[in-house]
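Each chain gets a letter, A, B, C and D, in the order it is written, and its residues are counted from 1.
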Amino acid sequence: MRGITKRFPGIVANDNINLVVKKGEIHALLGENGAGKSTLMNILFGLYQPDEGEILINGKPVHITSPNVANELGIGMVHQHFMLVETFTVTENIVLGNEPKNGLQIDIRRAVKEVEELSRKYGLKVDPTAKIADISVGMQQRVEILKTLYRGADILIFDEPTAVLTPQEIQELIEIMHNLVKEGKTIILITHKLKEIMAVCDAVTIIRRGKVIDSVAVKDTNPDELAAKMVGREVTFKVDKKPPQPKEVILSVENVTAMGNRGVNALNGISFEVRAGEILGIAGVDGNGQSELIEVLTGLRKASGGRILLKGQDITNRLPREISEAGLSHIPEDRHKRGLVLDFTMSENMVLETYFHPRFNKNGFLDYAAIDKHASRLIEEFDVRTPSIHTKARALSGGNQQKAIIAREVDKDPDLLIAAQPTRGLDVGAIEFIHKRLVEQRDKGKAVLLISLELDEVINVSDRIAVIYEGQIVGIVDAKSTTEQELGLMMSGGKRMQGGGSDE
Amino acid sequence: GGKTEGQQGAANQGEGQAAAPNARIGMVTDVGGVNDNSFNQSAWEGLQKLQKDLNLPQENVNYLQSTSDADYIPNLTQFVKDKWDLTWGIGFLMGDHVKKVASENPDAKLAIIDAEVDAPNVESVLFKEHEGSFLVGVVAAKMSKTKKVGFVGGMEIPVIKRFEAGFEAGVKAVDPSVQVVKVYTAAFDKPDQGKSTASQMYDQGVDIIFHASGATGDGVFNEAKARKAKGQQVWVIGVDKDQSLTFGDDITLTSMVKRVDEAVYRVSKDVIDGKFKGGIVWLGLKENGVGLADTSNKNVPADVLKLVDEYKQKIVNGEIKVPETPQQ
Amino acid sequence: MNRVIAVFTKESFLVPAAAIILGLLTGAVAMLAGGFNPIKAYASLVEKVFGSSYNFGETIRQITPLIFTGLSVAFAFRTGLFNIGAEGQFIMGMIASTAVGISLDLPAYIHAPLAVLAGALAGGLWGAIAGYLKAARGVNEVITTIMLNWIALYFANYILNAFFVPVGQQRSEMIKDSASITIGWLSQMFDSARLHWGTLLAVLAAVFFYVVLWKTKTGFELRAVGLNPHASEYAGMNVNRNVVNAMFVGGMFAGIGGACEILGVFHYQAVMAGMPGYGFDGIAVALIGGNNPLGVVLAAILFGMLTFGAAGMKFGAGVPVELIRVVIASVIFFVAAHGIVKVFLKPILKKKEGGN
Amino acid sequence: MDWGTILSNLVHDTIVFSTALIFAALGGMYSERSGVVNIALEGMMIIGAFTGAVVTFFAQDAFGSGAPWVGFAAAIVAGAIFALPHAVASITFKADQVVSGVALNFLAAGLSVYLTKIIFHGAGQTTTLSHVFGKWHIPLLADIPYVGHALFEGYPTSFIAFALVALSWYVLFKTPFGLRLRAVGEHPRAADTVGINVKRMRYTAVMISGALAAMGGATIALTTTSNFSHNTVSGQGFIALAALIFGKWHPAGAMGAALFFGVAQAIKSLVQIFGLTQYVPTGFIYMLPYILTILVLAGVVGRSSAPAALGKPYETGSR
């Protein structure tokens, strides 16, 4: 790609970008949120048209006017947000647009057979007849990869493929990528995770604010250098924090059971405690009851058994509002779905849970002056970059949206802060900021419950780590002394521990 | 106050003497519109005939169509305020509105069909539909092979009840054993309802249906036509106008004609001639306001027509008193 | 002054204004195609609306129910609900006020407000049924409101026939004078046009709409629920209750509209052969008005003038009244597809930018 | 009359009343499955009824009893064309689909009567047609007692409607076109990335929708009313929309719901003929189908899941 420039209203997303990817290599694209990586790849895949610049494949200039053209040129893309039709089966998703036919109708049997063959050839295990809605995120990703292979792609683009995967799944994916390269494919990988780049890539191109900063071979560089190039300053990866000083129990979960969305128990008598002045991390493979646990704790889902105590007060099955008022704050895992009303102004979003408090509301009438003042203060304090407090939340970048939510939740001065996937999809700069805030909360003597799929994050930020497996806590370990291997084993149900001790 | 006086004076001057040769007559239709194949159309034909006969300028007769109940008063008022010589409200549903406009404009002249409005400046023209319906009831009873006849009504309002009452009385007068199946479709403008109702009636063995349901009745004719095409012998008795002219002699047995056009013509001419009286007028068999269509002899045998004439005489000279409301 | 100019050159004003002009042009084209004189027709339309105090008063009468049903649809819209049921809620408002207006005997200062209140409640409850079914059972409000329209129609007719219609009549008895909300002196001023307090209520309702939705904590909740029910639930709002509330308030607007037609215009209720249509027109009014209260009032004024003036077009230029529906349809269409309008507006907007 | 005959009549009438609803609900299905809300079914039916009646009227002299077929075909074309503005507004100009649909409903209501008045010299309805569809009598089958009258004696349009239900099922769930159509309605961006032209699919779907809904309107004009007037369709488009949602956007479901509304209509007049009105006030019989619908929806069917992208305009390259 030569001299690619792409402008959006008010921003140059790609500014004269040159990118050279050699056949058979795994090439990483690295950059902060909003650096322009996805935009560049969307151009390569024909979803956007560049304002300037040209693309050459095997030395020949091409015009990629639509994904169709990209497919024909052997370019396939696994998108950051999956492009799968939830209500269709795996096979239907894979053949969509290129259906094998039998007379007028789709030859579904042949399609299934082709999918099975492909899946065997590349070692991508999928169930061809399962509905997308019913399969794991990992399998969904394999479907995405099969989709590109089914179309005969030689160049595969992966946009943040590991953001949604468990450590085991990431391992599998890395293997798959190696396989693909062995079969003669070329891969472009977008990721924020330096460790992954070091592990699988041959070369890396760093983009900042739409411009290429550098392009180097992986063997000639190291994570610290990459991070510095990416954000333009030194970054620390270790969250530096004082030793914890746990005090009284704030949250106590006793034998809680709850039904999941599929009609079976998602929580099977889960029990644990969080103390004031500590961060308890919950590690686990996605789908082991984390979401349900958060929902039960915050009153969004009914518990069918057990008891939840907040500062000794029973909050089991109370309304979300009562629980929130009792001193619990919650950074939701899906910020667009739960965290913000995207079409409300930032100001309105900052009082989403407190608008009814006497300081914002008199006799049922809102005091907008007070609300705006409150919002201005939060936005300033938490460095939320927004043109104005009257800007709609929709217009902010993901990182800033997340900062705003954290500002709102932390400002409620809760006794317990639940942070669910607080840094998903954010760049290292933003991640650093958020982690600092969590630790700050702890140091103020508050309890923090961190639920994350990222093992690194859990290990770095937490004081103690509870591992959740099939709706139960299968072990609690000390964050300082545990290893990724140990956690990984527990997360896959391999080893059951109690209070840190082994019972094998 | 002065303004009102002046108006009054002008009106008083006009009273009692012939209106100017270019008198203006307006009418307000109900939601059916002026081409409803029914009394709105009939009334409009009356006015058009008047315009031709008296050589009035074309724009001197006009109509306004109402699209909802709320339009009646503004539409009537449009003519009244514009000082037209006579304003017609066509149909029972406009009764209250004509009354209101009349009382607010005591110097205007209004007239209404099918409703009784008790006001000095309104002439109400009503028809003894029961008398005419009695006669078609006689025809139906004589000519039914299945001894089962049907009645399809529009809305259950007094006018239509008079049709029903007269028809049933006529049938029973000839042959008490003949069964009358009665259905109200609750609408004057639903041919599909008319069609399915007729279909069910014919399926049930009815062979003659008398309808008094405006455009809903078109459906009755359509069903009859479809059956006739398949060779089934069924009949419809039309209403208001000679409906054999629209739907053909092969299915139209006869029609109960209601001379709305005549009435409109006559009352309008009275106004022009300065003979407008106001009050309530009932037009029955005697006044030739209702009766069988002229083309009846095409399908109704002479002996039946003779019998019809006998009953007609009895009604006219008061020997038979036809009920206005159905016997229960 | 500059601010006034700013308002009138703002896109939110220019687009509807251009849509109205394009709509009238479309109507003119249709008239030419039908062999009518559009200039004469539009002149008669204007003449009809503004030509006499009586007709002007009647135009206001025509506008009033449209404000109510427009607000009803718009309010529900703001909370993420599509209320096709303003029609039924309107009918329920009519029948409730008729019942109170006929059966009770009270001093006017109690009777009339009570009758209006009855209409409001009946309409509100009718709306709330759809809200409840949506909230508790997840039933799509589009279907329930369509169904409830028909149920309201037949139910009202049944109640009328069973209790209030004298034998041989097709309408109820007259309501007691004490329940009437006609404004005698104003009516006199407008040459006995049927003017009533309902018009004032309609304007108040629009203000109420604005204040509730944007100034109160209830409104904050309603809007949040409409825009993102998941986030609202997370924030501790009772989503289901808000859905029911929204439909109740929406229904209330329509219900008052129905009540005012009875108490202010007809003073009786006729047995209906079909839906009166104000609710469906309300959808158009809400949409043209961009679902905000001021917009709704303006759109109702436009809509009311066009429909009332249509009779003038017929009278003066022989144009069938239905033509006005074509004009209204085009206006809605151009408001919806403002992209098309912007194509027409480009020169104007360009100039503006150049000027700045 | 025995119960067999009554039942047989009931089924027969049900089919007559349901036919138009089936067409229109199927039409709505194509559009909504592709992600375009179609509240304009009512207007599309009106245009179908109008075109069907007018063209049949003028074709009567030339084609005789073949005229209704000419009218029916014309209605199909007119419906597809009439749907075009909805497609342009909601697909190309990304207009709010509900608003655009409402506009079309108003347009159809106004334009059809306006044109009728111009064509028929001021009359608010077309002249009654002398040639409309007659009932078909399927040889042998129609002679089976009870069942024959109920199922095998009916208007040609009814047979077409049922055939189209089966055909639509096949198209939607067995052909590439159907798979793509559903993909476009569920996740247009996913469809776009595999090379499906989202806009073209949606245009096609909306126009099919117009054609089918118009067939429904033409059915009313050419079988039951034999003319066109302002209230020929009178709300059936909305009932069809309800049937579509009730039937969960599935051809068989939509058909079932349409039949349900048809049965209710048929019962209405049957009850009067058999004099049952003395036991139940007619008002309640009129209300019954609508009440039942609500009860069924609230009790059994529950949450129905619309196509995921329904109502959302698709912009290439948006997120």
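The rule we apply is simple: contacts are C-beta pairs under 8 Å (C-beta built on N, C-alpha and C of every residue); 3 or more make two chains touch, one makes a residue touch a chain.
Values in this document were obtained by computation on a predicted structure and should not be read as measured data.
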Problem - Higher-contact pair (C-beta pairs counted), B-C versus A-D - result: A-D
Handout entry: Remotest chain, chain A as reference, centres from CA atoms
Key = B
Completion exercise
Expressed in whole Å, how far the mean CA point of chain A lies from that of chain B is 77
Fill in the blank from the handout: CA centroids of chain B and chain C: separation to the nearest Å works out as 36
Practice task
Express in whole angstrom the distance between the two chain centres, defined as the mean CA positions of chain A and chain D.
Solution key: 46
Handout entry: Length of the line joining the C-alpha centres of chain C and chain D, rounded to whole Å
Key = 28
Exercise for the section: Would you pick out the residues of chain C that each touch at least 2 other chains? Expected result: 274
Exercise for the section: Hunt down the residues of chain A that sit against at least two other chains at once, touch-wise. Expected result: none
Handout entry: Contacts with two or more other chains, residues of chain B listed in rising order
Key = 65, 186, 189
Completion exercise
One finds touching chains in the pairs A-C, A-D, B-C, B-D, C-D
Handout entry: Touching residues (chain side chain A, partner chain C) in the complex
Key = 298-300, 319-322, 324-325, 330, 332, 337-344, 348, 352-353, 355-356, 361, 364-366
Practice task
Spell out the part of chain D that touches chain B in their complex, as residue ranges.
Solution key: 1, 5, 9, 13, 16-17, 120, 122-125, 128, 132, 134-135, 220, 224-227, 229, 231-232, 234, 265-266, 269-270, 272-273, 282, 286
Handout entry: For the chain D and chain C complex, residues of the former touching the latter
Key = 85, 88-90, 92-96, 98-100, 102-107, 109-111, 113-115, 117-118, 122, 230-231, 234-235, 238-239, 241-242, 245-246, 281, 283-284, 286-287, 290-291, 293-294, 297-299, 301-304, 306
Practice task
Using the touch rule from the top, collect the residues of chain C that touch chain B in their complex.
Solution key: 52, 54-55, 58, 61-62, 168-171, 191-192, 194, 261, 265-266, 268, 270-271, 273-274, 276-277, 308, 311, 314-315, 321
Practice task
Would you tell me which residues of chain A are touching chain D in their complex?
Solution key: 42, 45, 47-48, 66-68, 71, 77, 79, 81, 83-88, 92-93, 96-99, 101, 104-106, 147, 151
